[in-house]
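Both of the next two complexes hold chain A, though its partner changes from chain B to chain C.
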Partner chain A sequence: MTAAARVWARRYGALMRNAWMVDLQYRASIVLWVLWGVMEPAIALGIWWSIAGTGAVGGYTRTDFARYFFALTLVNQLTIAWDSWYLDRWIREGDLNFKLPRPLHPVHEAIADNIAYKARSAGTLLLIWVVVSLVWPVVRLPFAPKTFAITAVAVVLAAMLRFLISFTTGLMAFWTTRATSIMELHAGISLFLAGRIAPLSLLPPVVAGVASWLWFPYMLSFPVTVLTGAVHGPALWAGFRGQLIWIGIWLFACRTAWRAGIKRYGAAGG
Partner chain B sequence: MPAIAATGLSKSFQVKVRDSGLGGALRALFRPKYREVKAVTDVSFAIEPGEIVAFLGPNGAGKTTTLKMLAGLLYPTRGSVEVVGFNPWTGGSAFKRRITLVLGQRQQLVWDLPPIETFTLNRAIYDIPDADFKERLDELTELLDLGAVLDKPVRQLSLGERMKCELAAALLHRPSVLFLDEPTLGLDVTAQEAIRRFLLSYRDRHGATILLTSHYMQDVTALASRVLMINRGRLLYDGALEALVAKIAQAKRLEIVLQREVGEEVLARFGEVKSHRFPNAVLETPREHAAAASARLLAELPIADISITDPPIEEVIQRAFALGSENGDS
Partner chain C sequence: MSRPSRSRAGAVIGALWKLNAAEELQYRANFVASFASTVFYLFTALLTLSLFFSHATALGGWDFWEVVVLLGVFNALSGLVEGILRPGIGDLAAQVRSGNLDLVLSRPVDAQVFVSFRHIDVWRFADILLGLGVSAYALVHLGRFPSVLQVAAFFVTLVAAALVVYAIWVILMSLAFWFVSVENIATLFDAVFEGARYPVSAYPAALRFLFFYLLPIAWTTTIPASALTGRLNAATGFAAALVGVGALVFSRLLWRAAIRRYTGASS
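Showing the complex of A and B:
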């Protein structure tokens, strides 16, 4: 390892260690957040389970729905990013005042925090999935190392995309006090366009068409369907291409917003 | 070469103005109006390495805004800054390793964890070698008397303990320029003293340059060899505190203790009576008459004790601001 790589490894190690130690102070809230993460897909699954009782819906049987929403819960926890709420507070309440004079861009603190959070909450959910699949064989996925490896890549790219979206939206706090409202709106839209409420293939063609022109499917729907084995061949490559294009666009937006925002920064709080 | 040099530094903010009521809110929504607020106007000064300089000024004078511009947090509207040879906005990590910024109201310590965890994090962020980290931590622990608090969660520490830990966290990378905004705000007298002693000793040991703001005149008199007086964003005075006092305080105070009661009209013959409550009285006379007035007091009145002092520094500063504002407005 080069000297620079060692410095970065130590920095990330220290940031993640602190994030986990803070988490341990709030064990009850971790349980609540995991429950919150399970609740929405559980309700959606309940509804589709009952609808599919009389036969497959759009090619989805009860088993398909169960696997889809279990995969969705896990992928969501592995890719969700709360950064717009953090950044909004950093900017409006002046926490950036002590983050900016340090020789480490605040984005690294956010990234380390994300890795720490995801490792912890997704680990918990994976454990829950394994336990549930022991008693409810329906949610067992066929053991397919190649699919898991491809899913891992899709999940990492989706996590990057969602992080960039959340971080960039949070940066809007340099201009408006409503940055988190923009993120709430985004979350509302993603309920439909990212496949949170139903698999995208079940949406009306118009909605699915709109979604295909935006970044939403690449945040969640794509990695979930990769994991359930519903995407193959050219569609797989198209999915990866879409993820990379949207990561590029949001990265550009993020850097532009940061550079412009930091010049406007009012350094609130004293 | 000065450690800190500011030339023609100005900062203005665009502030949204809104008429009151629902109508005003609606108008602001469709046709927002902005007003330019000048926080700092054309401020220039230079501070030599190892100097401790205090920023004086009422709330909203522009002290903190200037400090934040020097630390590279805020972009100035006009003017230039050089700190230890760097432009704060382009100096990057090399610049950031040389400075520290401590804001009394905003803390970097992780609230839920003991201070030692923030220190360990800073070791990684600033890439401090293990041996140096241990040596510096030992030094800071000794000077700031932190032994008992390093392992206690920050939320359980007193304000004074937190401020001391905050300083330690800010100094582990051994910066050569310290920007301190109200470092003793809200602390009791003992804790204030401890912080002042520490800052002097840090400067003496490491030759650091310190620029601080404070509302406590004791901070200024104990630490600073020089003051920058700022009001409404303009620099009113740059120089030694004693020289400012001599210039502004045209009067001397005669603090007397009387053996028996005398009327206020009698005391008034020797100077302006600032307070009178037997057995104590305070008179003020023009500086050049102070010696003669005290001699007459001793000769003519039953005096048990007398001392000649300058007016309280707070009053002098207030007077200086009042004079500065009059000049500035005219």
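Showing the complex of A and C:
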């Protein structure tokens, strides 16, 4: 390990420990957010379950739907980023003033917060999934270490993508007081294009076609379908390529917005 | 201290609402934003419905426009929640924590009424009208004009639904008296109320049981929409009215128990 890597490991260790301790105070709140994250896919699963009956809808049987939405719940919890709400508040209420003079870019605090929060909330969900699968065999996934490993990579990339989107949108608070509305609009679109309400293959072909040209499928649908074992071969590589391309684009947008925003913020304060 | 009279509480709430409305009317841009977000949510709800209906001809025996009638009822009740409950009783947990509730309790008006209805968000009342409008439009589309009796049943069950929703909020918020650290407890309501977007019959048996008996949201949208779509029998209608009254009485008893427990933040 080089000296620089050691320094960063120590910094992140401290930030994550801090975030973990802060979260510890809000255990009940985190349980409520997890529950909120579970209800939407649970309702969608309930409806599709009834529609599918004993047959199949667009190739999805009841079992497929159950696995899809369980995987979706977990991947969603692992990749969700609340940063636009935090940034919006930091910028509007001036908390950012206290973060800027620190020797570390505020983005690192946000990343550490995300890792700590996801470890706790997704860990809870994984435990629930394991317990449910004991009594409900339908949601048991075949044990496939290779698939799990590939899923882990796709999930990390999806988490990066969603973090960058959320952070960039939050930065819009430098210019508008309705940055969180933009995020809600984005969430509304992702309901369909990211596969939250149904697997993408059940959408009208035109809509699915539009989605494939945007970043939405790489946020959720891609890692979810990797986990359920529906993506193989060339589609797998195409998925990773899409994730990397969109991470690059959003990273650029994020840096640009940060630089322009900070300049503006400084001007407003001085 | 004289016993708080009902008419006085009514007058106080009336004055507060007038003040609230006058305050909000200064911020008309908020109306545009609030209205735009409601229209957007309605739009996504309709898209979701059409997605379901592109793979099915009915949801739990309800066809597309019948579910739209229900969606209108859902929107109207959401308007009630956002317009009155969240800004009012939704603030209770924070007041217990900060001790501001002491100031309310020392006033000569009924504390539950005061806490519940002191603050409103007038712009959200547009959601109620919009929701009822959507229901009416869907009924016209169905070519079904409910009889006077059905409309009366609709309003009775809608009021009962409002009482159930109110009672759920009182129950959730009263938890703050026992556990102080439940600031985002309203999230629990949001999570469960999502289930009220569709007729209960569209869910598998396990969820249906949950929504009827444990988290009684089945009574909030399905029953009033049933009245408009001609699915409601007299027995269920009366049951809904009873559930509404029962919910109100329960919320009152719970409130009393909670207040007895409350000793103030300063002591």
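To be clear about the criterion, the second predicted complex is superposed on the first by the 264 of 270 C-alpha atoms of A that agree within 3 Å, B and C clash if a C-alpha of one lies under 4 Å from a C-alpha of the other, contacts with A are read in each partner's own complex, and residues count from 1 in each chain.
One rule holds for everything that comes next: contacts are C-beta pairs under 8 Å (C-beta built on N, C-alpha and C of every residue); 3 or more make two chains touch, one makes a residue touch a chain.
Values in this document were obtained by computation on a predicted structure and should not be read as measured data.
S.K.: By the touch definition at the top of the document, which applies to A:Met21: first (chain B), second (chain C), both, or neither?
M.R.: first
S.K.: Could you say whether A:Pro103 touches chain B, chain C, both of them, or neither, answering first, second, both or neither?
M.R.: first
S.K.: Identify the partner contact of A:Gly13: answer first if only chain B is touched, second if only chain C is, both if each is, neither if none is.
M.R.: first
S.K.: Applying the document's definition of touch, where does A:Ile51 land relative to chain B and chain C: first, second, both, or neither?
M.R.: A:Ile51 sits against chain C, while chain B stays out of touch.
S.K.: Please identify the positions on chain A that touch both chain B and chain C, taking each partner from its own complex.
M.R.: Shared contact residues on chain A: 25-26.
S.K.: Where on chain A is chain B touching in the complex?
M.R.: 7, 10-11, 13-15, 18, 21-22, 25-26, 94-98, 100-104, 262-263, 265-267, 269-270
S.K.: Which residues of chain C touch chain A once you look at their complex with the stated criterion?
M.R.: 33, 37, 40-41, 44, 47-48, 51-52, 54-56, 59-60, 179, 181-185, 187-188, 190-192, 194-195, 197-198, 202-204, 207
S.K.: Hey, which residues of chain A end up touching chain C in the complex?
M.R.: Touching chain C: residues 25-26, 28-29, 32-33, 35-36, 38-40, 42-43, 46-51, 57-58, 178, 181, 184-185, 188, 191-192, 197-198, 202-204 of chain A.
S.K.: What residues on chain B touch chain A, complex-wise?
M.R.: 13, 64-65, 68, 71-75, 92-93, 96-97, 99-101, 103-108, 110, 112-113, 117, 120-127, 181-182
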